[in-house]
């Protein structure tokens, strides 16, 4: 197979992944059903009907940014890859499988806000996604897939980012077991983990570069 | 990172955005449920059932062209960009977040046609989309993203278009607060704003070119 | 704007159109709800439940091939285009608007099989799609969009195909007004129209080439 | 038509197919409705509600990997093609038609787990997909579509893989007629068939290369 063809195969894999991410992220909204009130309903009742949907809106926005964060990480990692390797195919498909499942866990959580089982389920599914995401991004930014001209610091950043997402998801699982109402807040720790990882690894990176 | 790779990253961002726009615009239709009438229903009853859906059809077509107009603006702006910049990633994702939310507000409005809260909600969400759209298109058509060979008049046109969409959305919000039945009509002012902006800025542009 | 950039804009338009076609064609299936029978239902009852869905299956397959035929025509026409022209943007969006609406008319027809209003509605919407399709394909295969190196016979074939789809859709409208049960069969005349158009125009084409 | 243009047509066909595969695979999840339990429901009841959905989860994952396997085969086959041929268009569309239909048969099976008719229906539809898949992949890896520089062993592998999917689907049909509960397990025979085909054909291949 010619080299140009191999890269084309990589592009098609990226494309297929993008499409699944895009569809999953856009399907989230169909779990929220617009209230249909009889003609002549007062504005206050309309506002009350919207207010009841607040947990679903919050769930929608959190899940949108969670899938968006996974996509952005995938985007960054594959931006550093230049070659296709068949060994990424299965892992990437497994990641997409979990991403495509997110509209279900997101809908389940937002319709049963603050309950223990739905919150833990959501956070566990997210952790599985974060694990697969780590594996996929690590594979895409390692030989034989990585672009030989890729900046080592960018590679390091991508891998650390994937790790911080995983640590944040684990934090969310632990938090959701004790305080289900705030389980999703565990995700807020992702940037904290990233900062901590950056601080720890800076000396090591300095050696590597 | 090699230059060719950077542009590839831009292409993938555009691709992902296109996919979200395309899915959101196509999902609009699933909020309209086809009437299922018993066998032997007369043609007049069928026509009456379709007539009842007229507000939903109108809502569908308006929302299709609203999302379509946002996509066409995005298309024009990124047609002038040649380089990727990570600073657009978050804003673009926020824009997509609001676009992907449109099937909800569109369904809510068309099922409660002419009511105050749904109309104001629709127009406010549109204004948020127009604000983010302005920011994204401005970023895509400014350094470091812009193609150095881009025609300054085309750049000016894209930025003014984004501004006129924003002014039109604000007009729709104001109108919908007073006359909800005609709130969406505020959007018709978009071409008027564009013409006015063109007239005002022509001397300034002449100086720039 | 550089020439390379212009063609990129054309590619993005094609891409967006492909995505809308693909989503509309795949959404058709969600109008068919799988029967959920109690545990212990006999196989005969299962077969009866499936048999009841036959009109929906037929409607699904016909609509799949109708959207597929429009996509294949679009595919052929844009395969001959090499340049972007802003004048195609609005017409193409209008075509996509009607294509994205097809899951509704398809669901409406298959849930009310053989009735007059749903059949005429379906065929009229198809005719509007065929008209817009003709306009879009004609624009894509005419200057300034057409590839200067395009084979005139291929151009002629694409334009004639679009015309035969339009004539077939009109035949379906007329047929559905008189014999609603067989309205969709009017579409079968598309290949006949194509053959007739080919016969009539061969001498003219011979002169042109 | 210029050669570059022909290949572009091939790319667009691949793109459209990818989009349909991606949408069908992501739509699978919307057949599973998240349980909405009253506030104050105990965790045990939540777990029981999730446990009831286990057949739907299993169905979702099996169907995801089935569509994923078809996509991966398509991906491999078209990775070896370098030229477009109009003769693949219709067969590819027929394959996509069956793939887009899978959310229906998958939902039907998972809502009526272990019953005879839904299992046989699922396996028969899969066999039709496998037949069309075999035809499409064979066409893409034969002249005039195949890349002249393609490795004969890779071509052989793709064609054999398609054949083993077909044999596995046929095994699933036969198994589902006798033991509906384990019908889907017939798919597990796919890797066994592949191994057997590899063993049988190795001498023949050695001669060919």
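When the chains are written out, they are named A, B, C and D in that same order, and each has its own residue count from 1.
Operating definition for what follows: contacts are C-beta pairs under 8 Å (C-beta built on N, C-alpha and C of every residue); 3 or more make two chains touch, one makes a residue touch a chain.
None of the values given here were measured: they were computed from a predicted structure.
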Proportion of interface numbers common to chain A and chain D (over half same, under half different): different
Turning angle required so that chain A lies on chain C, C-alpha fit (0 to 180°, nearest 5): 180
Inter-chain centre distance, chain A versus chain C - centres from mean C-alpha coordinates, in Å: 36
Whole-Å separation of chain centres (CA-atom averages), chain B against chain C: 26
Residues of chain B touching at least two other chains: 15, 19, 23, 27, 30
Residues of chain D that touch chain C when the two form their complex: 1-2, 5, 8-9, 12-13, 15-16, 19-20, 23-24, 27, 30-31, 89, 93, 96-97, 100-101, 103-105, 107-108, 111-112, 115-118, 121
Complex contacts: residues of chain D adjacent to chain A: 14-15, 18-19, 21-23, 25-30, 32, 34-37, 39, 41, 43, 46-47, 50, 60-61, 64-65, 68, 71-72, 75, 78-80, 82, 147, 149-151, 154
